[in-house]
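Both complexes below contain subunit A, partnered by subunit B and then by subunit C.
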Partner chain A sequence: MSRARPDPIVLLGAALGLAALALPWVNFRENRLVLGEGFPLLGLPAGWLLPALWLALGALAWSSWRSDARTAWLGAVLFAVTCAGVSGLLGGAASSLMLEATPLARVSPAGGFWLSVLALYVAGFGLSRWPGAARWSGLLGLLAFAAVPLLGWWQDLGLAQEYANIAGTFWPQLGLHLALSLTALLLALILGLPLGLAAARHERLSGTVLGVAGFLQTVPSVALFGLVLPVFSALGRDATLGSYVGWAGGALLLGTALWRLFGQKIAGLLGGLLALLGVQALLLLGGLALIGMLEGVWLGGRSFSPEALSLSAPLSAWGIRGIGAAPALLALTIYALLPVVTNTFVGLRSVPPALTDAARGLGMTGGQILRRAEWPIALPFIMEGIRAALVLTFGIATIAPLIGAGGLGFFIQRGVEGNVPDLVLLGALPIVLVALLLSGLVGWLGQRLTPPGLRPEAAAQGAELTEASPEVRSVS
Partner chain B sequence: MSRLGVQAALLAAGWAAFFWLVSAQELWARVMGALFPQVSTPVYERNTLWELTWQHLGLTGVTMTLVVLIGVGLGVWTTRAQGHAFLPLVNNLTTVGQTFPPIAVLFLALPLVGFGATGAVAALTLYALLPVTRSTVLGLQSVDRPVLDAARGLGLSAAQRLWRLEVPVALPAVLAGIRTALVLTIATATLAPMVGTGGLGVPIIAGLGADNLALILQGAIPVALLALLGDLTMRTLERWLTPWVP
Partner chain C sequence: MIEFREVTKQFAGGPPVLNGITLAVPDGELVVLIGPSGSGKSTLMRLVNRLIEPTSGSVWVDGRNVADVNVVELRRNIGYVIQSVGLFPHLTVAQNVELVPSITGVPAAQRRRRAEDLLHLMGLEPAAYAERYPRQLSGGQQQRVGIARALAADPAYLLMDEPFSALDPITREALQEQFLQLKRELGQTILFVTHDVEEAVRLGDHICLLGDGVIQQFGPPDELLHRPANDFVASFMGDSRELLRLGLRTAADYMRPPDPAARGQVGLDWPADRALSALLGAGGAAMQVVAPSGEVVGSLRLSDFAGSSQAQQPAGEPGA
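Let's look at the complex of A and B:
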């Protein structure tokens, strides 16, 4: 058996883990008004455990016998124990500090803990590239880390105490956050897919369409929220439901008529756009009604009153005002537009012309070619656009509470205003976690929706094998 | 004049117009006062718009300097023999990290570093590093293996290969990454006032809190223009530095 080299990535993880011990592990505050005091891990009970674990993991990464199946097991188990150690020592530190403190005191994770989490990620990434059982160390470590809070051992942490204070509104706000970003995504799809199709079909349009979408994307999100506010403020004050629906419906009808009359000519395309915008305006109303209803049911705020349904009611009764979900929804839709349009365009452009020619030769109509030949090939690209758009809107919805809409940003805003860092974390951490989850979910869905013959898996596997070949050689 | 010259001249005019606009405090007060007569404070009064703009530019400038130095350095190092072992890690971190919403990252840094400019710069830098590092790595890796081998065969040293061969090939990707990072930083820095710094976000956030549309517009219009000008400047720079890219 030849000597394997030390694994530099796992070593880096262990070194980061040891370096983290020099930073304060937790921050202790008597109450909200005083400044915190940092406590290093080594001064806390059982604090020596973590450096011991990191040293053992480092030694394993340095050693030369890692091709052994038993070493792989040892690495995975040791890593899982270290993960549980980091997580457990955070809860333990909180419990020991809270023993003699008042209920107003708060213990928050500090720099040392956060650096340890990064160290765990790095070490876990390195270990999962080892052969054998070590491949599962990432999953094992995640489970071990999560087991500690799930078993309730973080109960003395400020995070858990703040959660207990807002437990009733946490899940509704998460639901509103999701509802807002998913509705925006739906609106962006309804406008973006046809726009992408039009851009792919008409060379002269593509520059304009992609340029406008890119331009809108460049405007900073807060500024965009600010710029759409006056529009909705004026709409809510001056327009009635009847006039709004009338204009939107009129645009839809006129647009459809133009589209039918002129088809692919410029007037027809403009008509199509007009019709789409009419549909958007109507769907925006529907989305607002949905979000308003959810808000009423979950948070018990203003519920939807039947007066809003009267055609002469001002739009503000429907929830269209300067402040609220309406400007948030429109701004998020505008943001989600670019990834959807660009990816639809790129996806349709990636269809080989020979394929569409063959389909035409088979006697397929334009619609059939689109559905059966082009759509399956463009779909992976479109799904990637949907993934990007969803992550984008979910992230930007964080600032929706600034303009009076709901969402997890509500806790961030309250935490910032009241100087409660734990509350800020309680808003920001779930946003990051759910964004990662959604991204993974849509990515997986995209893979499933790709026809088997088009999946890049075979090619990717081949690439992985070649990339891993030096490893394979050193191991054997 | 060439097309590039026209573009550069327009850009210079755009920047001049921008700086004139943010220096015209009186004009803002008069226009906003006329547009929103019911508002008692049509302009932000604690700082002039000029000061706020320079705070924003300062925050963006410090962040981008750090980002370019660290990001390009990291990208070059992981594609050399010395750092090659860390390439998979860097690739993984930059891909996964970009799924993190930038706004959430800004607020995650708050409990970590505390209120103030340091925390804001740290968070902005950390996030903007991702596109720059990623595009540097991708750009440097896009050099064809046989071409590199040929250069080695010609007797070029590692440094010569980097400067004469890899940098020109990677430059368009690196510049595009820097452009993405710049636009992102200008946008996210707008929220930095919430974590205790200044900038053009200050009147926006104050206006949102007080339901004052005039204040919101006073911040939103300049920051939108700044982002667009930053984007255009980088695009012009790309065209000037890499004229071979179609």
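Let's look at the complex of A and C:
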């Protein structure tokens, strides 16, 4: 294979990196309130280092050497050094500017830095397509980039100063954010998987289920919070724990009975839905209790009093009130529902009808077909739905602090109100990073859970194998 | 034995697809259900393993009304092969064949051995094919696996719904040939649906021609070809049905004593259509008939094929 051509993607990355030098690298402000002043990188100590690195990387991408393993190594190492350089020069710029400034001054990353990060992403993507060691350059670069702040070299950056101010609540809020979105995902799965299954099984039902899930998705999130607020408010005030558990348990029992009696007929399906909602209501309470407990432990908020365990306790003692985690959980669950339902539906519909016909004809029961064929075939689709739902809820949970539920959005909200861009970043960056991380994790898990026979490489392998058709064996 | 007694099937809001069908499939025989599309041949077959329930009448397998048998038990004793095969794409070939035995709790080693035997029987060497996935196989190979899967539980009955119809002609012929040999070895009672007259004549011990919801004619292939009961049968079996009959016979059925003037040779065991083709190619001259041992046992000329059709019944098994 000829590899004599320059790599256009890495070259583009290097060009972007060089272009970024024309923009201000950091923004310096005397205090939080005044407008800032931009400083280009080249005017700062050791600023020449970055263009040198970009030029070296560009030269490597232009040259024709990269067919051999040594060039790939060189590319990966050079890339990692460039990543560390971008990260380090940001911290360095902050340190040099803060030398002569008061502690109230703030240094924030500016356009040049952000464009450099984009350039790194582009170059890393290009390099990861090179052979050998270069395949790991993305990970290597990420580690090099992250090493700088982890070693404390961003300490003079506004971001680090704001972090120092809120260090006590940052991790608990991140934990709450995760707890909110994961609980919502769990609730959505418990409601969405059976709904997707029912939609896939019943032609007439599919329109309704997918339509409703799609419609719910279009309701603006802030409006949804507002709409469920009075409902939860009234519920928390007037209902007791005992009556709530009674109603939810009753719905579960009645629904299960209807399901058993009428099977897959409409009455039975309605019963199934009722039972699901009953389970949902009970789980919502459990989820709220969990989140309330975490909040109490982490943020020193309310904690459970012994009275909350009595059946006559108002629901508000368990966190069901107009503001707080309850309406947020409900809204997040509703948003997570659509990807879960659609992907379950699509996954189950992707099972060839011939397979079901043959399996039934061979004496497999509906449950056996579901467990042995439909579930494994639909699983990659469902995992993709979980991934979408997770990223979605993690993002939307950002506005949960608006109604008093915690989360990283808390810092964003405070940053916007107080005109502190660094605080906004402090809330936003972890959301982006964790969302990417979760998405990658679920994506990887989805690939692992895809049965080997359904993976793309199985088909590619088959193309050559089928050429050798066997001779018809004669039976004597 | 599979028996249909006065079976009628009517789908909601339509005319009856099957109207009072009474039919018996004797043990060890292969009965072909044939007819134009919409004639209800697949429907009739699917009544046997209760994928469809009759509107009225009953279906009996082994002397028991299928309506009284547990549906899962019933189906596990009846192999089922369909045109689009329906293999599990996420399971290997061996796992597909072992599917039903693995559910019924047959020990792993035993069912594995059975699967390998069946694959071997179907011409797919287990060493090369057992661990492959369905989409790494050609259509013909997939259908071999499908047949092996249907035979895995060693069922006494086999239902085959156009199993070879989606294959290319060469693969189809190879599979038909192999299937005939297999059938003789295993001795299952088989109900076979096809729309292909040639396939029906080739494989069937008896053919049941369905049309307009009723049985138009039931009999050995030769009978449907030579003595069609009505115009419907005659037109369905086609204008060249006398030529198709030749496939049921061999050169031995037509030959006369040796003729020293004969030139060229045809095999004693050649299908008669092949012998006729050879004669036509030789320009109508007489040819020698040669036994597999090489000995000249007779001679054959074009005129032997004319007018002899009433006299001779097929020798031995049809299609042999």
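Following the convention adopted for this analysis, the second predicted complex is superposed on the first by the 444 of 476 C-alpha atoms of A that agree within 3 Å, B and C clash if a C-alpha of one lies under 4 Å from a C-alpha of the other, contacts with A are read in each partner's own complex, and residues count from 1 in each chain.
Definition applied: a residue touches a chain if its C-beta (ideal position, glycine included) is under 8 Å from a C-beta of that chain, and two chains touch if they have at least 3 such contacts.
Here the structure is a predicted model, which is why all the values come from computation and not from measurement.
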item	value
First (subunit B), second (subunit C), both or neither touched by A:Arg129	first
Partner chain in contact with A:Val432 - subunit B first, subunit C second, else both or neither	first
Subunit B versus subunit C as contact partner of A:Leu12, first or second or both or neither	first
Touch count on subunit A, higher of subunit B and subunit C	B
Touching partner for A:Leu224 - first (subunit B), second (subunit C), both, neither	first
Partner chain(s) touched by A:Pro421 [first = subunit B, second = subunit C, both, neither]	first
Overlap of the subunit B and subunit C footprints on subunit A, listed as residue numbers	none
Footprint of subunit A on subunit B - complex, ascending	85-86, 88-89, 92, 96, 99-105, 107-108, 110-112, 183, 186-188, 190-191, 194-195, 201, 204-205, 207-208, 211, 213, 216-217, 219-221, 223-224, 227-228, 231
Of subunit C, residues touching subunit A in the complex	49, 51, 71-76, 78-92, 99-100, 103, 120-125, 128-129, 132-138, 140-141, 146, 149-150, 159, 174-175, 177-178, 181-182, 185
Subunit A to subunit B touching residues, read off their complex	8-9, 12, 108-111, 114, 122, 125-126, 129, 215, 218-227, 229-230, 233, 322-323, 391-392, 394-396, 398-399, 402-403, 412-413, 416, 421-422, 424-425, 427-429, 431-432, 435-436, 439
Complex contact set, residues of subunit A against subunit C	352, 354-365, 368, 372-373, 376-377, 451-454, 458-459, 461-462, 465-466, 469-475
